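Take a look at the structures listed below.
The same chain A turns up in both complexes below, where it pairs with chain B and then with chain C.
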Partner chain A sequence: MKKGIAIISSIVCILVGLLFGLILLCIIDPADSISLGFSPLILSGLSTAFDPNWIAAGTNLMKLGQEIANAMPIIMTGLSVAFAFKMGLFNIGAAGQYTLGAFGALYCALVLKCPWYVCLLAATLLGAIWGMLPGLLKAYLNINEVISCIMLNWIGLYGVNTIMCSNDKMFNSSQAKAYQVGVVNKSALIPDSIFGWNISETFNYAATNTGIIFAVVIAIIILIVLNKTTFGYELKACGYNKDAAKYAGINDKRNIILAMVISGALAGFGAGLFYLSGTVQWNPLDSTALPAAGFDGITVALLGLVNPIGCIFSGLFISHISVGGTMMQQSIFPSEISQLITGLIVYLCAFSPIMQEKLTKLFEAHKKIKHDVNKEEK
Partner chain B sequence: MSAGLLILIKFTLLSGIVLMYVALGGCFSEHSGVINIALEGVMVIGGLFGILTVCCIPKNLPSFLIVTISILVAMISGMIYSSLLAFASINLKADQTIGGTALNILATAIALVVVKHYNSTITTNNAQSPKLNYDNSLFIFNVGPFTLNVFIILGIVLLVLSYFVLYKTRFGLHLRACGEHPQAADSVGINVYKMRWAGVLISGALAGIGGMAYIVPSVQEWNFEVGVGGMGFLALAVMIFGKWNPGYIFLGSLFFAVFKSLANIYDSTFLASFHLTKEIYNMMPFIASLVVLMFTSKNSKAPKAEGIPYDKGMR
Partner chain C sequence: MADYVIEMLGISKYFPGIKANDNITLQLKRGEIHALLGENGAGKSTLMSILFGLYQPDEGVIKKDGKVVKINNPNDANDLRIGMVHQHFKLVECYSVLDNIILGVEPNVAGILQKQEARSKIMELSEKYGLQIDPDAIVENITVGMQQRVEILKMLYRDNDVLIFDEPTAVLTPQEITELMSIMKKLATEGKSILFISHKLAEIMTVADRCSVLRKGKYIGTVDIKDTTAEGLSTMMVGRKVNLKLEKKEATPGEVILDVNNLTVASNSSKKDAVKNVSFNVKRGEIVCIAGIEGNGQAELIQAITGLSKQKKGKLTLCDKDISHESIRYRSEHGMSHIPEDRHKHGLVLDYNLAQNIVLQRYREPEFSKFGFIKFDAVKKYAEKLIQKFDVRCGQGAETIVRSMSGGNQQKAIIAREIDKNPELLITVQPTRGLDVGAIEYIHKAILEQRDSGKAILLVSLELDEVMNLSDRILVMYEGELVGEFKSSEVDTETLGLYMTGAKRDNITKEATK
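Now for the complex of A and B:
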């Protein structure tokens, strides 16, 4: 019942967000708003999957593959934000931990020429360290984690870009970007096939690889940790009421630090998955914007009801509409409309506790009326 | 005076004033008890509509009017945008950090959609460009060797005014009471919801001007893909560094601005011999504010009730 209401409130957020998107498309160009704007936006990869022309070319699943590839990192940052949320911490620093994770993966892949699992491990480790810092500051000095995370985001970005630019094994000055992992060190790419099934060949999209399976497995592990272990129980107890948890003998300082370490590790792992997929390159000259995946993680976590399994679905959804945004007629509709819808959905998600309360009351009132009617009939 | 020092002063004034506007905005909002993480987004919106006004306004109007109207538009659009935060966090008691983060994500998207649509309506060839061109000559004037802009003058006036309002008026006292102990404030007849709305709206107005002050005086073309490049977050750091007090905020913004300007000019001065990169200078203010936070966290001057939605029923 409670879960059902929560899911309904999430769906309401999505629908209202999409409605606003539709209104905006109508304002920009009423004539083409449905055919060239709204339908490619919401169908996204699905519109090409069943298109006979694309099937004939054999590339019909490509856009779906792109959706899955883009969903990998944001599912992981979503898990990162959701995990910290369970402890009552708002990890706005996922962007910084993601940056450090990307650095760890690229350093091991390009400079040390390690195989992919070592690179992923390095990404996780660096993300964990960057997550640990705000945890330590929160536990021992009581510094608000939101503020320290914002500072550490920018320190991380500037730091990583400085090191990358000065290292000519990582920075390809002729392209003004980091070297491509696939060209320098093929063994650092995350494998394409599992149990004989070649995922990237199925989707005809190079970046779609076994990473998505990793993401799903980790989401399930996080779910088990949260719901079936003592550590998860302690964590949630601290999140509900810190003082009560402390009174019950739970070490809240240790839990704060551990929660942030794991949260950082998840974000770093996501960066590893994305930057070892072979198609994306880090741009160390761009120090004006933090990686968007960090903030998308907040959207994913909130829309996914702070539930690890919910994060998988909401990650796929966010990736779905952002690919859909690029499939609209770009000369009329800017692709950022999908980003605008995402932002609106997060804003609406902030209301979801109130919405759930109202929905519960509504259902209860409905039940009561039914109950009363039954009584009278007797 | 050497040329290097002159440029340093020029850049410091440019970015220092921006940080001051926005940090003052954050100061008002936090004194009323609402954490305004959305400052970055409000800056983008203020800058966007301010510049659009400069682009669209008839050029034959007197220059004084053009400047006043565009700054007013930036201010009002900032207020309207921040009222979204006020509505969510005060009336609906939603989580302030989540609401603010959402507004930050939303602002860049709105800016890009509006700019691209505007560009595709005025020309047919450079459709969908995220850049906006404008004329900033009206905002700039020269005094001796210095190039000043109207935002510096306005900023000093607003700084004095905010100090006066916060600490010398009844309104300021009520506002601060709502951030320290809203229940007590309510018990003596202060309308906490109204005061918090006022705090957030003032912060929106200041951040809106701040966004315009960041973009307009320095360049004639702005790419809205970068938003305001983290200035809003830096301003939050300035506010904490300045202990939520307008006077210290002014000093703090100058301190942060010096480092930001060093990042711009380091290669043309003696600093080049240290072989530090631009990023390291950019990083320093953030490290400095983290260190300051570490030392002052035990007796923080932060408003006690910030971040907690006020519920009349929970007294």
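Now for the complex of A and C:
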């Protein structure tokens, strides 16, 4: 019942966000707003999937593939943020942990020429270390994790960019970007096939690979850890009520550090999945921007109701909308509208407790009327 | 000419799911002290909040001097000369007494404060009603009793003639209570009308002229105090006969379970030590009570014993094991149970369900977990057993979210958990705070049963009735030191009050307690 209401309120947030998007499109160009704007925006990859022209060309699933590939890292950062939330911590440092994860993956792939699983492990490890730092600061010095996370985001970004630019095995000066993993070291690419099924070929999109399966499996593991284990029990107890957890003899310092380590590892893993998919390149000269995937994680976690399985769906949805944004008629509608919509949805998510309360009341009133009617009939 | 200064007629107030007030009528005569009696959750506070303008009634009317009035907010109430002393005082701690009294109605000429004028009016009022204050003292430095007098003066300064006292005696010593009672009587004879909210029958019997009783949101009736007895009132309040006096056998203390030796603990709030060189012990089969006014180091003492905070120096021994530097978990697993003072802060994870709260310290035991996975079936079964055994009322059994349970049942759940751990030492702090008479009766019996089954019990209580009723041995704590030790059968509340306020003290040495 409670979960149902929470899901409904999330869907209401999405609908209101989309409605706002529609209004905006109508303001920009009322005549084409539906056909060239709103329809490709919300159908996104689905619009091409069933289009006969695209089917004939054999590329009809490509956009869906792109959605999945883009969803992988933000599902992971979403899990990262959600996991820390359960402990009552706000991991705004997912972007920094993601940056470190990307560096770990690329260094192992480009410089050390390691196979993909080593690269992925390195990404996870560096993310974990970057998550541990604010954890240590919080546990032992009571420094607010939000502040230390934000600072570590920038320290991580500038550190990574400086090292990358000075390493000619990583930095391709002619392109002004990091080398492509797929070109330099094919063994570092995450496998395309599982059990004989070539995911990449199915979608006809190189970056779509078994990474999405990793992401789903990890979400399920996180769900089990949170709900079935003593560790998850302790973690949530600390998150709900720190004082009661301490009273119960739970070591909250240890749990704060562990939660941040795991949270950081998840973000780092997500970066590994993304940068080892072959096509994307790190741009160390673009030094003013933290990777958006880190902050999208907050969106994903909130929209996914801080639930690991919810994160899978919300990650896919946000990726869906942002791919849809690029599919609108670009000469009329800027693709940033999709970001505006996700921004609005997150904003609405912040009000979702109020909405849940109203919905609960509505349901209760409805039940009561039904109950009274039944009584009278008897 | 209206006989009644305030009439609340047919007042109803609904909250989602409950009727907090159901057709309540309250009539306050001019110059009387009218008690409003009811258990927790009976609707007293809601009714007073309506009178004070914090809530609007869904049905019913309020009349002042026979005229219907609408009170939309506390300012309206103030304009109608209705004033209230809240249970937790609303004072600016770093302001002087004088500044606090005039705050909000500062006398001024063109924006310039006229303190001298205010001062003379306050001193006049203070003299007239016998409310001794020092107008230049800073509020944080004065006693709770004086803070209350400041609150009363605030009402008088605003020329209020209807005065509401919300559980005014909860924070006072016996001496201060007596003084308050005489002040209230004096105010009434000077023509002020007083509404006195309380659940302490003895106080109502002493001071009130009439008493209205609420039960579960409904109006039960109004009685003249001279025509009734404390038993009669309690029957009206609870709806059944309640045993006010606990049947208790003589204690038979056995060996020492907890030994506290020269314990010194730093204060939570200031730089001073809250507990200074305290030594005592608790033996098997006895209830030892630490009595004292709030804030004299009891909280810090218990935190050090239970491990929530570290002591500065001193030694703690539990069942002959030195636990001075052991963790909370170690103490809990080696025979210490703790019913904490603040059940919402320490005792429960409100968003966990009942079953999860029942195993709050024990989820790691093999009975409830395996390879790091919690055995939810076993947890649920155990919780259901305790729900049965301790009569915890909850909507959805073991799966009830604890936040949705009533305070009394939350407390019962904690008590069930702590007692069923089968401890050697049961530490219980204010176990009945904010609970109704029925629940108090139950909890006192449960604690007594534990004593009789050979547990050592350390009780901290601010309620003197509870201290006198329950304990075998009383230690009085004043400013971080133990200043008196008594057998409960050999001491009266007046004497305890003298020790609690520091007016008297004995030298308690380690040897004396042995």
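Some observations on this one:
By definition in this document, the second predicted complex is superposed on the first by the 378 of 378 C-alpha atoms of A that agree within 3 Å, B and C clash if a C-alpha of one lies under 4 Å from a C-alpha of the other, contacts with A are read in each partner's own complex, and residues count from 1 in each chain.
Heads up, the rule we're going with is that a contact is a pair of C-beta atoms (placed from the backbone, for glycine too) under 8 Å apart; a residue touches a chain by one contact, two chains touch by 3 or more.
Since the model is a prediction, treat every value here as computed from it, not as a measurement.
Looking at the superposition, the partner that touches the larger set of chain A residues, chain B or chain C, turns out to be B. By the touch criterion stated above, A:117 is placed in contact with neither chain B nor chain C.
Applying the stated contact rule after C-alpha superposition, one finds that A:244 touches chain C and leaves chain B untouched.
Of the two partner chains placed around the shared chain by superposition, chain B is the only one that A:343 touches, whereas chain C remains out of contact. Look at A:24: by the touch rule set out above, it reaches chain B but stays clear of chain C. Once the two complexes are laid over each other on the shared chain, residue contacts for A:229 go to chain C alone; chain B is not touched.
Contacts of A:363 after superposition: neither chain B nor chain C is touched. Look at A:288: by the touch rule set out above, it reaches chain B but stays clear of chain C. By the touch criterion defined above, A:159 reaches chain B but does not reach chain C.
Of all the residues in chain A, the ones that touch chain C in their complex are 228-231, 233, 236-237, 240-241, 243-251, 361, 364. Taken in their complex, chain A has these residues touching chain B: 24, 28, 90, 92, 137, 141-143, 146-148, 150-155, 158-159, 161-162, 165-166, 287-290, 295, 298-299, 302, 330-332, 334, 336-337, 339-340, 342-344, 346-347, 349-351, 353-354. Chain B makes touch with chain A in their complex at residues 35, 37, 84, 88, 92-95, 97-99, 101-110, 112-113, 116-117, 120, 127-128, 225-227, 229-230, 233-234, 236-237, 240, 277-280, 282-283, 286-287, 289-290, 293-294, 297-298. Those residues of chain C whose C-beta lies close enough to touch chain A in the complex are 16-17, 306, 308, 327-333, 338, 340, 345-352, 356, 360-361, 363-364, 369, 372-374, 376.
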